[in-house]
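In the two complexes below, chain A is the common chain; its partner is chain B in one and chain C in the other.
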Partner chain A sequence: MSFVLKRSELDQLVTVLREDGYQVYGPVVVDRAIRYRRIDSIDELAIGVRDVQGPGRYSLVERADDAIFGHTVGVTSLKDLFFPPRRAVWTAARDGDSYRFEPAAPTGARVAVIGARSCELAAMSIHDTVLLGGEYVDADYEARRKAGFIVSIDCTEPGEVCFCASMGTGPGADGGFDLAMTELRVDGGWEYVGRYGTQRGEAILERVEHRVPDQIEIGQARSAVSAAAGAMGRELTVTGLPEFLASHRQHPSWADIADRCLACGNCTQACPTCFCVSTIDTSSLDGATMTHDVRWDSCFSLDFSFMGGRPQRASIDARYRQWLTHKLSGWVEQFGSSGCVGCGRCITWCPVGIDFTAEIPRMMERIDG
Partner chain B sequence: MGKPSLAVWKFASCDGCQLSLLDLEDRLLDIAEAVDIAHFPEASTAHADGPYTVSLVEGSITTPRDADRIRAVRHQSELVVAIGACATAGGIQALRNLADSDEFVRTVYATPTYIDSLATSTPISDHIEVDIELRGCPVSKIQLLDVVGALLAGRKPDLPTYPVCIECKARGVSCVMVAGGIACLGPITQAGCGAICPAYDRGCYGCFGPAETVNVASLAWQWRELGIEDEALVRSLRTFNTAAPAFAAASAAIEDR
Partner chain C sequence: MDDQASTLIPRPFEVVAKRRETHDVTTLMVEPSDGRSCFGFEPAQMGMIGVPGVGEVPISFSNHPDTSRCLSVTIRNAGAVTAAITGTEVGGVITVRGPYGTSWPIDLVAGRDVLFVAGGLGLAPLRSAVFAVAEESAERGSVGIVYGAKTPEDMLFKGDLEIWGEYDDVDVHLTVDAPTEEWTGGVGLVTALFEEALDSVRTPLVMMCGPDLMMINAGRDLVARDIDPSDIWVTLERNMKCAVGLCGHCQLGPLFVCKDGPVLRYDRVADLLEMREV
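And now, the complex of A and B:
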C-alpha cells in the first residue's frame, strides 16, 4: 500500500499530528547545523539546504532547489528525543524518619518525528534491543517509544561520511516507521511518494489529502533510493571485522589513534546507539526531597571505568579501543548486531576528525604487510 | 543541635564567585534557612566567630599574610571548599608566576614600601588540605548550590571531570569548532558550566581549567588546521587557569617546541 503527498499535504500531516496531541519534531537549521527541533509547520524545516560533512568538518550550503530533505543527518538523532540526555528515575520525599520512594512520573510527551532517516530507525531498533529486550526494561524509553510516531524519509543524496549501505541500514527504510516517504522532484514541484508502516500510520494518513501513486512514481522513488546506495561517501568492510578487532587488542595503531584522540567523548554523544549513562543524585537544601537522575555518560570519561579505587581505562588508547571494539565487535556478541549504523556522526563531530572507516583498513594493512 | 554554619572567605580575587552565591537570588532564603551564614564579606559586615561547618574560600594566596590567614580558616572549618579558578589554580594573577613580580612592583608603585606580596599566586590546595574544589571563572551557581546541598545531605556532589563537549552534546549544541571553525578549548576543559560559551556560538575559553584528560598536542594540530597559530593557543592556556598543572605544562611544551 502506498500514497503520494504534495508539499501542502505534507504540511497537513503536521497539522493532523499536532491535532492528535503530538509534539512534532523535524530537521531544522539551528545556529550552524541541522538538528531536530519542535515545529508547527514544514516551513520551519531545513528547506533548500545541503550539508557538507567530512572528518571534523561540517557546513551548510544553499541548494539550487528548495528540497525539504536535501540534506543528511544532523548533529542530534532520535536518541536525543527518545533517550534524552538527562531524566529522573525516582524521587524520594522525607516521611517522618524515613523516605518514601516514588518512580519518576512517566513522560506524557508524545513525540512525532518527520524526516527520520533509515540509519536512525536502525539505531532505534538497536536501542529497543538494548533497553527493552533484556531482563530490565527502561520504562521511560518504553513510554516514549510507544507514544512516538515516526515519519521517515529515504535518503537519495548520501553525504561524504555516510556508509549505511555497508552496514545494511539504508539508504531506504525497511521498517521501524509509521509512514515512510521518498522526496521526488516532479515537473518543477515536489512529491512525497510514501508507504505505510503501521495501522496507526494509515489511520493518520486517512485524515490527510493524498492520492495513490502510479507504478512509474513508485519506480522513480525506488530507483532514487537504490542509486543512493551506490553513492555512499564511505564504506566499511564488515566481514570478519568483529573477529579482527577482538583479536588485535595490542595492535600498535591504538596508540597512534590515541595520539590524536582528545578523549572528549563527542563520538559517543553524537552516536545514535551509544547508550551509556551514569546516575546523579540531587537533594533539596532542607533534605526533604531527593531525585535520582540518569545522564548520558561516555566510555571516554575516566569516572566511567572507575572501579577498585582507580579508572580501569586510564590511557586514551584503552578508552578508544574500548569504544570501537564494543561498537563493532563486542556488540555483535552482546546484542546480535553491530552497534554501528553507518551514519558518520562520529567522524564529522570528532573535533580532530578521527575516521574509523579509514583507521580500520590501515590497521588491517599493518598486519598483512 | 544547631544549624550548620557557613563562612565565605575572600583571598586574592575579584569577588565574582561570591557574587555567584548572591546571584542565587530566589534560593538565598532556602540557604539562609538551611545554614547560619557566619561570615560573608560580599553580603554583610556581620561576623560570627568559628568554628564553622563549611568554609567556602574564594581567591588565591598572594601575600604572606594570606598564607597565614588560610591556615586559620582551615583550623576553624570542618570542611573547606575552594571556589573558582583563583582558589583552585591561582587565577589570572598567577601570570606573575611566569614573570619577575618585583619588577611589576617597581614599575607600578613609586614607593612600594607597603607592598608585601609573594612572588607567586598559588591555589588554596598548595597551602592547606581542601575537601572540594569548584572550578570556573566564576563558579557555576548550580554547582555551588549542589555542593551546599550535598554537604548538608551527606551525599556526593555532582562534579563531573569530563570535558565541556559532553555538556555541549547534551544541550544539542553543534560543535563550534567542527561547524564554525572557531577555536575552542572545550575538548580539554572540565565540564560544569553547562557549555555556556558554545551555546552562544563562542569557543570555550577554558575557565573551568583542565579536564581529567588533556591532549593539547592534538588540539594544537587541529587549531593549526583552522589557521590558528600555536602562539594563540599558548595565550588561551594562559588565562584564568594559567598555573593549573596540565595547562601550565602544555603551554610551556608548545613554547619550547
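And now, the complex of A and C:
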C-alpha cells in the first residue's frame, strides 16, 4: 500500500499530528546547522538548503531548488528526542532519619518526527536492543519510544561522509517508521511518494488528503533511492572487521590516531547509537530533597573508567580504541549488530577530522604490509 | 514493588553495626528501614551502595549469605562516595539496590578441592563463598586459602581467618609485602605461597579476587602449575553507574562486568586482563 502527498498535504500531516497531541519535530536550520526542532508547519523546515560535510567540516549552502529534504543528517539525531541528554531517574525526600524514594514520573511527551533518515531508524532499532532488549530496561526510553510517531524520508542525495550502504542501513528505510516517503521533483513541483509502516500510520494518513500513486511514480521513487545507494561519499568494508579489531588491540595505529585525537568526546555525543550515561546526584541546599539524574557520558572522559583512585584508561590511545572497538566489534558480540549505522556524524563533528573509514584500511594495510 | 524497575530504585538501609577493619577499610552491617524484608544474594553478587545526594558505588556483599543480620558491605574509603558511606554512623541510613551480577560457582565445588586466592580488599567478595564452601559444603574436598595484603595491619577479617584455619581440611596461608617484627606468615606476593598451598589441595577449583595486577600474576602462575584455566574463576571490579548493563562504564572488551560478571571464568578474561588499559 502506498500514497502520494502534495506539499500542502504534507503540511496537513503536521496539523493532524499536532491535533492528536504530538509534539512535531523536523530538521530546521539553527545556528547555521541542521538540527531537530519543534515545528508547527513545514514552512519552518530546512527548505532549499544543502549541507556540505567532510572530516571536521560542515556548512550549509543554498540549493537551486526549494526541496524540503535536500540535505542529509544534521548535527543532532533522534537520540536527542528519545534518549535525552539529561533526565531524572528518581527523587528522594528526607523522612525522619530515613529517605523516601520516588521513581521519576514517566514522560508524557508524545514526539512525532518528520524527516527521520533510514540510518537514524537503524540507530533507534539498535537502541531498542540495547535499552529494551535485556533483563533491565530503560523505562524512560521505553515510554518515549512507545509514544513516538516516525515519518521517515528516504535519502536521494547522500553526503560526502555517508556510508549507510556499507552498513546496510540505507539510503531507503526498510522498517522502523509509521510512514515513509521519498521526495520527488515532478513537473516543477514536489511530490511525496510514500508507504505505510504501521496501522497507526495508516490511521493518521486517512485524515490527510492524498492519492494513490501510479506504478511510474513508485518506480521513480525506488530508482532515486537505489541510485543514491551507489553515490555514497564513503565506504567501509565490514566483513571480518569485528574480528580484526578484537585481535588488534595493540596495533601501532592506535597511538597515531591518539596523536591527533583531542579526547573531546564530540563523536560520542553526535553518534546516534552511543548510549553510555553517567549519573549525577544533587541535593537541595537544606538537604531535604535529592535527585538522581542520568546524563550522556563519553568513554573519552577520564572519569568514565575511574576506579580505585585512577582511570582504567588513562591514555587517549586506550580511550579511542575503546570507543571504536566497542562500536564496530564488541557491539556485535553484545547486541548482535554493529554499533555503527554509517551516518558519518563522528567524521564531520570531529574537530580534527579523524575519519575511521580511512583509518581502518590504513590499519589493515600496516598489518598486511 | 518487587518488579524489575523497582530494583533500580534504591532502598534505605539503617546502619546497625560498624566495624573498622583497617585504617581505611570499614564494614557496615545494614538492615532495611523501609519496612520491607531484606533481599537474598549469592556469594560475590553486588549491590549499588550509596548516599542520596552523593552517589552510588558497586560493592559485593561480604556477609555470610544466611546471616540474620541482613547485609554487610566492606568498603575502602577511596573517594567522595565511599567516604560518605563509611562516614555514616550507627543509626544513620545509606541506600542499597541489588543484588546484581554473577556469583561464585559454588555448585561446582562438590567432590573438588578448592583454593581461594585473595589480595587486599579482595577477601571481601570471597568471604561469603569461604563460609559457604568451608562450613556448609559437605561434599567438598580440602580447602586452601591464600591471602596477601600490604602489611599485617591491612589484613581484613583476622578473626575469620583464625576460625577458618581451625576447620577440618582447611589451610590458611598468609603473606604481606611489608612485614612487622611480630609477623610469622610469608613475605611477598601470593604466588610465593602457591607451592605450599598446592601441597594440600590437588587440581583445585580456584576462586580469586584482588587487584588486576595480582590476578594477572597469580593466574599465570597457576596455569604454569598445570591448573586448567577453565578451573579458575575471578571477580573483577570496574567503574559502574547502573550495575545492570545500561550505563556502559564497566566494559572490558566485549564484556559488561556488571552483568557478565563480576565473577568470570579466567579463560574468558585472561587476554583482556593481560593488556594494558582495556
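Couple of notes before you dig in:
The criterion applied here is as follows: the second predicted complex is superposed on the first by the 369 of 369 C-alpha atoms of A that agree within 3 Å, B and C clash if a C-alpha of one lies under 4 Å from a C-alpha of the other, contacts with A are read in each partner's own complex, and residues count from 1 in each chain.
Convention: contacts are C-beta pairs under 8 Å (C-beta built on N, C-alpha and C of every residue); 3 or more make two chains touch, one makes a residue touch a chain.
These figures come from a predicted structure and were not determined experimentally.
By the document's definition of touching, of the two partners only chain B reaches A:A270; chain C does not. Once the two complexes are laid over each other on the shared chain, residue contacts for A:T282 go to chain B and to chain C alike.
Shared-chain residue A:G189: touches no atom of chain B or chain C. Look at A:G108: by the touch rule set out above, it reaches neither chain B nor chain C.
Using the contact criterion defined above for the overlaid structures, shared-chain residue A:G230 touches neither chain B nor chain C, since it reaches no partner. In the overlay built on the shared chain, the residue A:M290 is in contact with chain B and with chain C.
Once the two complexes are laid over each other on the shared chain, residue contacts for A:Q250 go to chain C alone; chain B is not touched.
Judged by the touch definition given at the top, the superposed model places A:S305 against chain C, while chain B stays out of reach.
When the two complexes are overlaid on their common chain A, residue A:D97 makes contact with chain C while staying clear of chain B. Common to the chain B-facing and chain C-facing surfaces of chain A are residues 281-283, 287, 290, 297.
Looking at the complex, you find that chain C touches chain A at residues 4-12, 14, 33-34, 50, 52-56, 78-79, 91-93, 95, 211, 237-239, 241-242, 244-249, 251, 253-254, 256, 259, 275-278. Across the interface of their complex, chain C is touched by residues 89-90, 92, 97-99, 101, 103, 130-131, 134-139, 246, 249-250, 275-279, 281-283, 287, 290, 292, 294, 297, 299, 304-309, 312-315, 317-318, 322, 325-326, 329-330, 333-334 of chain A.
Residue ranges on chain A touching chain B, taken from their complex, read 30-33, 35, 56-59, 74-76, 80, 85-86, 259-266, 269-270, 280-287, 290, 295-298, 300-303, 316, 348-353.
The part of chain B that touches chain A in the complex is made up of residues 27, 30-31, 33-34, 145-146, 148-150, 152-153, 155-156, 158, 160-163, 165-166, 169-180, 184, 186-188, 201, 211-213, 215, 217-219, 221-222, 225.
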